[in-house]
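Here the chain labels run A, B, C and D in written order, and each chain numbers its own residues starting at 1.
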Amino acid sequence: MKKILVLSLLAVFGVYLAEVLFKIDFGHQFFLNGVKDFYLTASPDKLKVANVVTSIVVNFRGFDTLGEVTVLFLATTAMSSILYKGRHKLGERAVLFSSSRIVMTGSKLLFPAIILLGVYVFVHGHLTPGGGFQGGVIIATGFLLMLLSYQDYQVSHVVLSVVESLAGITFASIGLIGLLNGGTFLHNFLHTGVLNNLLSGGVIPIIYIAVGFKVGAELTGLIYTALNEKD
Amino acid sequence: MVGSPVLFIAIPLLAAFLIPLLGFVWKESVRILPGLVLLYLLYLSLTLMEQVVHTGTIVEVIAGWAPPWGINLVFSPLTGLLTTLMILMGFIIWIYSYRFKNIDFQEAVKYFILLLMLITGSVGIVLTGDIFNQFVFIEITSISAYALTAFYKGRDSAEASFKYLMIGSLSSMFLLLAIALIYSQLGTLNMADIAAKAHLMKPEFKILALIFFITGLGIEAEIFPLNGWAPDAYAQAPGPIGAAFSGIVVKAGVYAMIRVMFTLFDVAGTHQFLIVIGIITLIIAEMSAVRQEHLKRMLAYSSIGQMGLVIVAFGIGTEEGVFAALFLMLNHAIIKSLLFLSGSYLVYHSTGKYISEVDGIARNLPITSFLFALGSIAIVGMPPFAGFWSKWSMLTAAAHSNLILIIGLVLSVSLIELVYYFRVLNRIYFFPKKKEVVVKKPTINALLAMGLLGLLILIIGFYPDSVTGYLHAASQSLLDKGKYIHDVLSTGQLLLP
Amino acid sequence: MEFKLFDLSIVEYAFFVTSVLIILIGLYAALVKKTLIKIVIGLSILDAGINLLLISIGYLKAGTAPIFSPALVKNMPLTLENIKKLSEGMVDPVPQALVLTAIVIGFGVTAVALSLVIRLYRHHHTLNIDEIKNLKW
Amino acid sequence: MIYILFSILLGGAILTFLANKISGLLRDTFFLLTMLGATLIFYTQLHIGGLVNFSIGSFNLEWGVNSFSWYFSLIVLGLGTLAAFYALSYMKGKENLGFFYFSFLISILSMLGIVMSHDLISFFIFWEMMTWSSYFMVIYSGKNVQKNGINYILFSAFGAYAMLTAIALVYANIHSLSIVEMISNYGQFSPALQTWIPILFLMAFSVKAAMMPLHVWAPGAYSDSPMAYTSVFSGALSKMGIYGMILIFVTMISHLPDDTWFREVFAWLGAITAIMGTLWAIAQDDARKLLAYSSVAQLGYIITGVAIGTDLAMLSALFLAALHALFKGTLFMAVGAVERQTGTVKFSEVTGLIRKMPWTFIASLLAIIALAGIPPLGGFVGKWMLYESLINSNHYILVIAIFFASTSAFLYCYKFLFGFFLGQEEKEWAHVKEAPALMVVPMLLMAGFLVILGTFPGILLKPADTAMQTLGFAPTEGHLWSMSVLFNAWGDQVLLRPLVYAIAGIFLFFLIILTVKGWKNTRYVTTKDISSSGEVPLEHENLTFSVNFYQPFLRAVGPVMKHRMITWYREFGAGMETIFDFTRRIYTGNGQTYAIYVMVFLVIILLLQNTIFG
């Protein structure tokens, strides 16, 4: 009964949504004077940032990203608050089976490479596909790998939270410096340099690196909190 | 630049990131910092508000890109009013929870970060002039709200939080769908720009986007079939958080919904729709409240009902109606917060937070009970307290638009409200006290917070002129869509690096 | 050389159809499945569907990534006209930026949801949503 | 001056409340000083026609006194002052006295405020203040709070909201809240508004005037508040309803093109209220309840008079209003005295207090005579005027109804006197003493005033007539003021002197017989020790004569009394609550169901989008 109801509801919803979506001329320009044209020209022209998505994420809509970083920060805070059990330390990790030596050695081998990849991705965020979020996630996967293969692998909560906080403070402070310097929040107050140089785009790479650190630290923290959860 | 609206977002975020670090240095700072931030923001919002009422809307551009390219914050009389209200309520809630329950340090860090973000998110929803940015702020608010709902370690709080999260996820889905539809048509995300170009949208896109917005934001604004999460969340969250929900978060939800319906699109029938949906919300909520056994749940239903009333008032659509709606929002924020704050002390000793366990508690908690009574009397609209003036403005607005039926309805619902509030009051004051009950005395700062709210009720009650000027300016600024578009889109030439 | 497999216009909309279907599947899981984990998975699927929808809205046929990579801009002075010309062939970067944000938010919500599920299991020793309704009326 | 009056009362109330924390004596002093100060200022300093105004909340508030409001203020302050003295003694040793005195003074203040308001907002605010200050009194004793308290506040709020609706309608139409402007613009309202505004106002006023079918709160509320306040409650506060009704009837209803049915309906509602109130009063065993129902009945007469609305009817209504304050005030005070001295107010428990509490008896006797409308006391004059006005306006059936009610009233009058004061003395009550002088003197003063009014009704009729002139009535004939029952100058239509003499003679005769008979001491048998026909009553069976006092009569009128308004309300309330209880089951507690609601909502809007956003 409930299934039929839900299915019929979903059918109506789907039909209405699809009907409207089909009116979009897929794969074509379907609006004039959108903001994207401006972004596509202003990014290489004014900001000297090759990756337009990065310049949107960090500068044009940088405020969203600040919010987004906050969401992540809140998610870690929320998670540890929800799972927080009292004054005592986090419990021992539940171990289903121990990993083999091959896995352990392999992980050890891979770990620096993964971290390096992550750093590369967020440092080059304004030049190539990728950026702070992607790089941060890659770093977190490195830690995940280590956590999965070594049962006694410890990540310092203090370090994580310091990194997290410092990165967040960097982001917000750069915004505020922009406010003091150029009159608007997140104002790009540094020299923008030359397109496709590593040191180009003014504050954009700095912010993205901070975001990378933050995302990496937060995701690691999330995984770590979840892994250490047991009844 | 002494005061810029962006500080309302930037400073709390900075503070939130700082709190864990400061905690390593000096533990008390974790509790103090949010208060200092909120106090400064309160001062800022009051000065900005004064400025805005006299000189006109401030549009703050982010990152130097003028609208519609960059994100912008709009500090108009309306948004300024709501910001001021939210910061004020936030500050009072901070005072109340300063020594809240003697939670340990680890918990305090999280509590204050989440509380600060709850307030900031709501302020962001109100201030921002960009729909996607609004979505981000809605999510900031929601995640803090989920976590705070589940803040107590009992099992019911997690349940309430999970329900909230489920419905909240649906809400964000609808918002994203609406944003996608709008973007696919107009290629812009700026509210003023959308409003200016709305006529270019194909009507079916416009209506579908509007429906998605209504559903998504209706969840935050607690309109009837979408508010299943609300009573649970209100009742299970800690007392100050219940107050924050009814005083801050819902207000932001209602604002967002009204902004979308009044400013973004010019679809016919929205006003009637608001009236109908508001009436349904009002009636169902008040009906559910009557036989409620849990005090906080009763307050939650009452809160939902009041939001229905606000939505009806917006639906009247005239300047008077909007004025009444804003006045109702203001009063409801103050009064319901007072009820939640004092009510949570009244049922502190009761594990189930049952109304039946407040018998005769006035003898032990005279001040708290008095403030609760003041709040109850004010919220049912008895003169000469704050609630009366808003109800009165609502009635005259309805009478002016010849909506006599609404008058009758509002008043009969007030009767229902009266019944359940007085049942509680009678119990508090005139029932014999159960002997074994050990009550919890409110702390000094809790008393201070409640006293401040009570004082506000009295001030607005005896001197409503203190706020009506701002409310009039705010209602004008909501209805003047052309001015909003002009204010935003004419902001400055491109500010470039 | 242009290669056309089907000439049916519906294929053009394969992205939309797929994303609507993914949304519906996610919703179905969230609305019908009894297990909390499955509900959370449903919500995640829902997010994925919406992200796909957003991305496909920004799609441009035969468009390139919105990156002015050295390979793309080489031998070309970066004048405004050149940039305009290059940018005409690029897909819309805005939905991509939005999706980036949406993914992160979805991730955050999922993390919170899962931790709530852990809490609920800790208290109720069940994951069946029908048995977790202490709060009602 | 009005400012000073109001600030004295408000400040006095607060000071009294605060002084309670310091010492009882200080509190009592403040209380008395406030009451006396207010009364003094009112009588010496207040000028009729003075207006003050100021603005709050963008509204212009106006206060002032005219002869009409002066008349009602007279009732309020006169009764209030006496009740204040009485209260000092009556309330001695009870709990929460600061609270009591505070509410007392606030309710006096709000009543004065009501009659002195010249704009609707301050009228409404004072009206609400009156409601909640009296509500505090109703729940003061802590008994039946959930029942009587909720009843009272609910009905009051119903009335208040009706009034608020009317005020909002008026404001929306004329953009002014002045009562004068409302009245002068009344003719320009649309016909629908012309009917609805008075109806809404009358709903509000008939709640306070305890008119059928909105009287349900009254018996409980009157009998549960402390007697020191009930005298004001029933004597003065209910008159605020009458005040408003007179205002509406004179200024609005009389301008309606078809006002006859309006007047008929209200006159009949008043009459039915009178009859039912009387019948229920007869059936009571609790003296407070008896008086409460009797108040409802008496207010019924007044409402009938107001509704008929001829010069004479209005005059009689005003006269009866003041008179009712006097005798009902006295009677409630007497019950209070009995309650205080014996600890109970049940007729079946207290008997034969005549020698224990002679002064209370005399005061009650005089008040009862006035209530029953027996010459030569004031009540007779009022009733007579009412009958005459009814007959003059050809309401013969109404006269019969009113006459039936007022003759039936003899029954409960007698029951009251006999139950408490006459009958056999009981050992149980041998220790009872007369009430303290502070309680007795106000009663006697009022009773004495009743006697004087019987002879010189002009004392009250003159201000009443002035009040009516303010409302636009023609001045009544001049000889009214010298009119007296004893000197037979009533309209030269009926020869009253023989009637008066005859009644006085009968009264004296019985008085003598009773005195002589009562002189001899007879053998003492307790009234609770009766055995009959071999059937020995059990110990707990109360066999006082007061049990089932009027059983045959009540059996006769039983069918009428079978339907009680309050049961209907109660069933209505219970039904509503069941519906509400059912409704809240929408919130099933299952998060998934809520999510489905969201989808249902969405789908409904999707399907109806063309209708909604067409």
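Definition applied: a residue touches a chain if its C-beta (ideal position, glycine included) is under 8 Å from a C-beta of that chain, and two chains touch if they have at least 3 such contacts.
Computed from a prediction, not measured in an experiment: that's the story for all the values here.
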Closest chain to global C-alpha mean, per-chain Cα centroids: B
Which of A-D and B-D has more C-beta contact pairs: B-D
Distance from the mean Cα position of subunit D to that of subunit B, given in whole angstrom: 45
Separation of subunit A from subunit D, taking each centre as the mean of its C-alpha atoms, in whole Å: 74
Length of the line joining the C-alpha centres of subunit A and subunit C, rounded to whole Å: 15
Between subunit D and subunit C, distance of the C-alpha-averaged centres to the nearest whole Å: 72
Subunit A residues counted as touching two or more neighbouring chains: 2, 6, 10, 13, 16-17, 24, 34-36, 39, 61, 64, 67-68, 71, 74-75, 78-79, 82
Set of subunit D residues in contact with two or more other chains: 584, 587, 589, 591-592, 595-596, 599-600, 602, 606
Shared interface positions of subunit B, touching two or more other chains: 132, 136, 139, 143, 146-147, 150, 158-159, 161-163, 166, 170, 177, 184, 187, 189, 208, 231-232, 288, 292
Graph class of chain-chain contacts, one of line, ring, star, complete, other: complete
Of all residues in subunit D, those that touch subunit A in their complex: 596, 599-600, 602-603, 606-607
Touching residues on subunit D, where the partner in the complex is subunit C: 584-585, 587-592, 595-596, 599
Residues of subunit B touching subunit C in the complex: 132, 136, 139, 142-143, 146-147, 150, 154-156, 158-163, 165-166, 168-170, 172-173, 176-177, 179-180, 183-184, 187, 189, 231-232, 235-236, 288, 292
For the subunit C and subunit A complex, residues of the former touching the latter: 12-13, 15-17, 20-21, 23-24, 27-28, 31-32, 53, 56-61, 65-70, 73, 78, 80, 83-84, 87, 90, 92-94, 96-98, 100-101, 103-105, 107-109, 111-112, 114-116, 118-119, 122
Contact footprint of subunit C on subunit A as seen in their complex: 2-3, 6-7, 10, 13-14, 17-18, 21-22, 24, 26-29, 34-37, 39-41, 43-45, 50-53, 56-57, 61, 64-65, 67-68, 71-72, 74-76, 78-79, 82-83, 127-129, 131, 133, 195-196, 215, 222, 225-226, 229, 231
